[in-house]
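Two complexes come next, and they have one chain in common, chain A, joined by chain B in the first and chain C in the second.
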Partner chain A sequence: MSSKNAKPRVAVFKFASCDGCQLSLIDAEDQLLAISGAIDIAYFPEASRRMAKGPYDIALIEGSITTHHDADVIQQVRRQSKTLISIGACATAGGIQALRNWKDVSEYVRLVYAKPDFISTLKMSTPIAEHVPVDMELRGCPINKEQLVEVISATLAGRKPNLPTYSVCIECKRRSNVCLMVACGTACLGPVTQAGCGGLCPSMGRGCYGCFGPMESSNAPGLAERFRILGVPQADIERSFRTFNAWAWQFRKVSEEVHPQ
Partner chain B sequence: MTPTTTTASAKTGVNKIDVPVLARVEGEGALHIKTKAGKILDLKLNIPEPPRLFEGFLAGRHFSEVPDITARICGICPIAYQMSSIHALERALNVQVHPQIRALRRLFYCGEWIESHALHIYMLHAPDFLGFQDVLELAAQQKDTVLAALRLKRIGNEIVRVIGGREIHPVSACVGGFYRVPRRDELLPLVEDLKWALDTSLATVRLVSGFPFPDFEVDYEFVALSHPDEYALNEGRIVSNRGLDIDSAEFEDHSVEQHVRHSNALHSIIKARSSYHAGPLARFNLNFNQLPEIARQAALDSRLEPPIRNPFKSIIARAVELVFACHEALRLIEQSEPASEPRAAITPHTSTGMAATEAPRGLLYHRYSMDERGLILAAKIVPPTAQNLKRIEDDLWGYVPQLLDLPNEELTWRAEQAIRNYDPCISCATHFLKLDRVRG
Partner chain C sequence: MRKKLYRLDRAGLSSLFDVLKQEGYLVYGPTLCDHAIQWLPLSSLDDLPAGWTTSTAPATYRLLRDSAGSLFHYWTGPDSLKKVLHPARACITHAERDNGSFRIWNETPQPVKRAFFGTRACDLAAVTALDRVLLQDRFEDDIYKANRAAAFFVAVHCTSSAPTCFCASTGTGPQARSCFDIALHERSPQEYLAEPGSASGSAALEKLAAPLAPPEWAKELAESCTHAAAAQQRRIDLNTAPVVISLNFDHPRWDHVAKRCLSCGNCTSVCPTCFCVNFEDHTSLDLQQAERLRLWDSCFSQNFTYIHGGSIRLSPKSRYRHWLSHKLARWQEQFGTSGCVGCGRCIAWCPAGIDITEEIAALQTTTHAAAMTGVSNHGN
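And then the complex of A and B:
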């Protein structure tokens, strides 16, 4: 901590994103009030006008890097932060906006803006870890707020956070969900997706769409093969891996392998 | 304090204020003001929020994937994005939904309105009126008020969670209906909480109507969805107090987006006129008669009668809408019956569809074209904050001259408060704010 008796100073920074992951921090209402006694929220522009300068003990980073300006800012943030934690699919995998990474971004800019020359953006949307060393990553689109509280508490206590590394399948089993892929032939990313949502989509009768990204030891090519056997067209398989964690390497690789020529 | 840089030039007599990061708004914005001899030379709301280019990468996606993707435009109002895209796609595909699906969507939207309005009223805007930097300072003095606000927000979240699986980016809504509809016994536990929320919303109207309001009125063109039989959320015609009365399919014929250099969010104007005001104040003024008796009475008891032209009083309109949303959610739960078919079967065909719904912060318009396989050919999204941006700048041009005798820190805060009247969501619009003041 910055000094012996001072409360740990927490900062929240946002890059290209929807604000949903920071909102999870505000949504952790009661815990936030409890935590706010133990920490000093030094920089959190979405919630406060008080914007204190670094250094910070914990920096929570939401969003991906998509502009030259943001690529510079993240370097400054890293220098000022003892523990840097990326939160959410944008910060950990580039987010949905990483779909530009396979296209000519200027084409997209021309589609959206009348005067493309006013827009300054990088060709790629990249996760924080491609720019600076990251101490911890919290997955999800959006993150799970209990996991967020766990990560902050663990960091304050100096212990390893208790986060699952298994797949969504385990969460489905715990909820006694009938397997949609086995019973209904529904394409589901659950077998390769890291747990954290609680098996949400299969509980709604739809296949998992991978919003927590690939789990560590996932066999994405094996699942893509299974989808083919189920009769899912190549183009649909490619798109299923190209959503909110498209640039995470396991999903990226398999989507490029199945890319219809 | 909001970091502000001020530069005054003795030579030119020009004073420049720069607020590089606007606080308590959703997303990134900045404000630049240049003044000389008590007059504004230049004023710009700068939107450096990085562009995310949604309309670009929606092309080539299957129509069924669209609501999950557009939800990611905004973590505060994902349901608004799901609803506008779903309605536009259903109009393209001529899908009629079961009345119980229609009712469930309305309940779902009420949940988002409660959550978003409670967040903005108490956590983002009230601290300005009370002179606090943030809700934590407010909590240190009025803990019970903040605890009640948090519970109110949580009840909105809970409606969304019960129907959609989670509060942010819920997963149940789809083109044609829902992947799964909740059973009646899943909705009923919300009733006791909602009764408390209704009482707390009434108390919120009383609380915020007692705030000090600056003396500032504007003769706005208010634009909102309007429906003869209900306070419009998902369906209705787009109307204004200047005679606009159109189907949402005609929206792009009347509202024009302009691309200005200082903003990664486009600026909307009504063709042949100028900037316009969307959001709670517009809805309150245009749809007062469709509010339930309890919400109208709460407004009248607080001496709030349409038309209200003081933008700072949008916080009261937002509180009145909280009363509406809680009352409506209760009504919908009491009358709920599970739909026999959660979703309509759909066969895609080459088509185009447009729709607008009322996001918590105002009108949200979507248009999609798809091919015979159901793959999106073109998408157009006009978020409420983009529609309000030009209007916010125009408000500041009118309001800041009243503030020029104030010290910079005070001026900055007052200008920020004026911006927050619109509950701007910059993440949505870039597709928001810092102060830069130059004064003489």
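And then the complex of A and C:
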């Protein structure tokens, strides 16, 4: 923070993304007043016309880097930001748009656009950390607003935020969810996915989709083997790892092993 | 003096439930909920899963219809009494800024009288194990202490075993022998043998004015339990386990299990004796309030061994080895009891189907008998 009593100046930047993660900040309705009282929102085009220049104490970065322009802008943002936090699967893993990393993007451009010459894009969709040093990452598609509030509170208090890196299973068990893999034979990515959502989908009777990406020491090949034993077709196993966090290396690697390119 | 044994019919069993309610107990029991039989508060004995049974195998648990219509023809489910006595999440301390100063106060556990209707022998053994850790060690756990002091156990003997049960080998079942207030034997869905195990259990049964049971029923029960024990397909030799583990720190089996282990922590969560917790401090946005939460933790998480500079057990292999070693060996050194009660939950609820009895057996079979004798003698 610039001075001891000043509120931290916060900026929110967006790259290739759906805006869902930055909306989590606005969606934190109960705490929105407290948040706006505690921080100075200097730059947040989605929420405010005010576009104050840097430097910023905290920059929240949503989206992945997919164009040359993005690649330049993120360097400028990093230079202006004391603490840089990537938020969401796009910013932390490349997002769903990283599925193009396995394909020839110029072919898509030719098929989709009437005048492909106007399109200038990078071959790959990559996470922020591949371009600049990142201080903290908030996982999820979208992020959990409670985790965002926790990061802001922790920053204000000068403490380390509580961001678990263990499995979704731990959260499921704490809320007494019955394991869907064991009791129903449902394929669930919970055992290899990082906690943070509170076991949202399993609480609704659906297997985990892996929105929060690979957990610490995730054993994705071990889970893929269990899916095979449960009778999940190879193509579906590959697809289950190739969603929002497809380009996170643990999921990328297992999806390539299951279905060699 | 011989204990009085009572004969209860289905109405008598309901009267027992009513007596417990009248005495102010919130009565928990096995109930069908979300594809499993779970411990939940009962509104009446009609909430028991009559006519249901379960089928378990590594990584598999299924509900099945049971034509006999029994109230208790199933075994352990996904949860245990741990979730009530040693809750997964509890706020233990609050702090508040107060006019330039601040105050801190601890949450006082509110004792709730709870009766657990249908507790199995293995789960009572787990309560005894938790008592040793949370009440009889250097520190008393306030939350557990309050919950435990207000708990009443109505046990049900197991007269058959699930494929994942191995309580006979751990000496913790299938017949409930201690820690209960009342123990029931379901002779048929209409006929029960009730045995008091404590003064409050006796008092509750006296109120029912139930007829005494024929003495041979006790013998029949013992025979049924012996039969259930003999039918168990899995076992662990707790006497040799500590030696086998200490001789095999570098055994290739640990790599073998690490390939399958997902480090997800399901085994520790479902284990009725795994007691580890972590603490989280939370602060309000206006920095006026703070609270400290206590949450179930797992030795399978990397942060479990985090000390300044990093974690000690970085590999899943070292975490599995730690868990198995603590459960079957170190626990005995630390607390003088076994950490494993043979309930088989870690086998059924491991999404990778890892079987603790298979893992220890794999270490055991490759351990030379002479080496074991040598270590045992050396140990003596």
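Note that the second predicted complex is superposed on the first by the 254 of 261 C-alpha atoms of A that agree within 3 Å, B and C clash if a C-alpha of one lies under 4 Å from a C-alpha of the other, contacts with A are read in each partner's own complex, and residues count from 1 in each chain.
As a working rule, contacts are C-beta pairs under 8 Å (C-beta built on N, C-alpha and C of every residue); 3 or more make two chains touch, one makes a residue touch a chain.
Quick caveat: nothing in here was measured; it's all calculated off a predicted structure.
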Simultaneous placement of chain C and chain B on chain A, clash or fit: fit
Partner chain(s) touched by A:176 [first = chain B, second = chain C, both, neither]: second
First, second, both or neither for A:111, with chain B first and chain C second: first
Touch count on chain A, higher of chain B and chain C: B
Chain B versus chain C as contact partner of A:19, first or second or both or neither: first
Which superposed partner A:99 touches (first chain B, second chain C, both, neither): first
Per-pair minimum CA distance [chain C against chain B, superposed on A] in Å: 12
Overlapping contact positions on chain A, where the chain C interface meets the chain B interface: 205
Touching residues (chain side chain A, partner chain C) in the complex: 31, 34-35, 37-38, 149-150, 152-154, 156-157, 159, 162, 164-167, 169-170, 173-185, 188, 190-192, 205, 215-219, 221-223, 225-226, 229
Of chain C, residues touching chain A in the complex: 33-36, 38, 59-62, 78-79, 83, 88-89, 259-266, 269-270, 280-287, 290, 295-296, 298, 300-303, 314-316, 348-349, 351-353
Chain A residues touching chain B - in the complex, by the definition given at the top: 14-24, 26-27, 29-30, 33, 36, 41, 45-51, 66-67, 69-70, 95-97, 99-100, 103, 105, 107-109, 111-115, 118-119, 121, 141-142, 197, 200-201, 203-206, 209, 211, 236, 239, 243-244
Chain B residues within the chain A interface of the complex: 1-3, 21-28, 48-57, 59, 61-62, 65, 68-69, 72-76, 78, 119, 123-124, 127, 133-136, 139, 146-147, 150, 153-154, 157, 165-169, 171-172, 174, 179-180, 257-261, 264, 266, 413, 416, 425, 427, 431
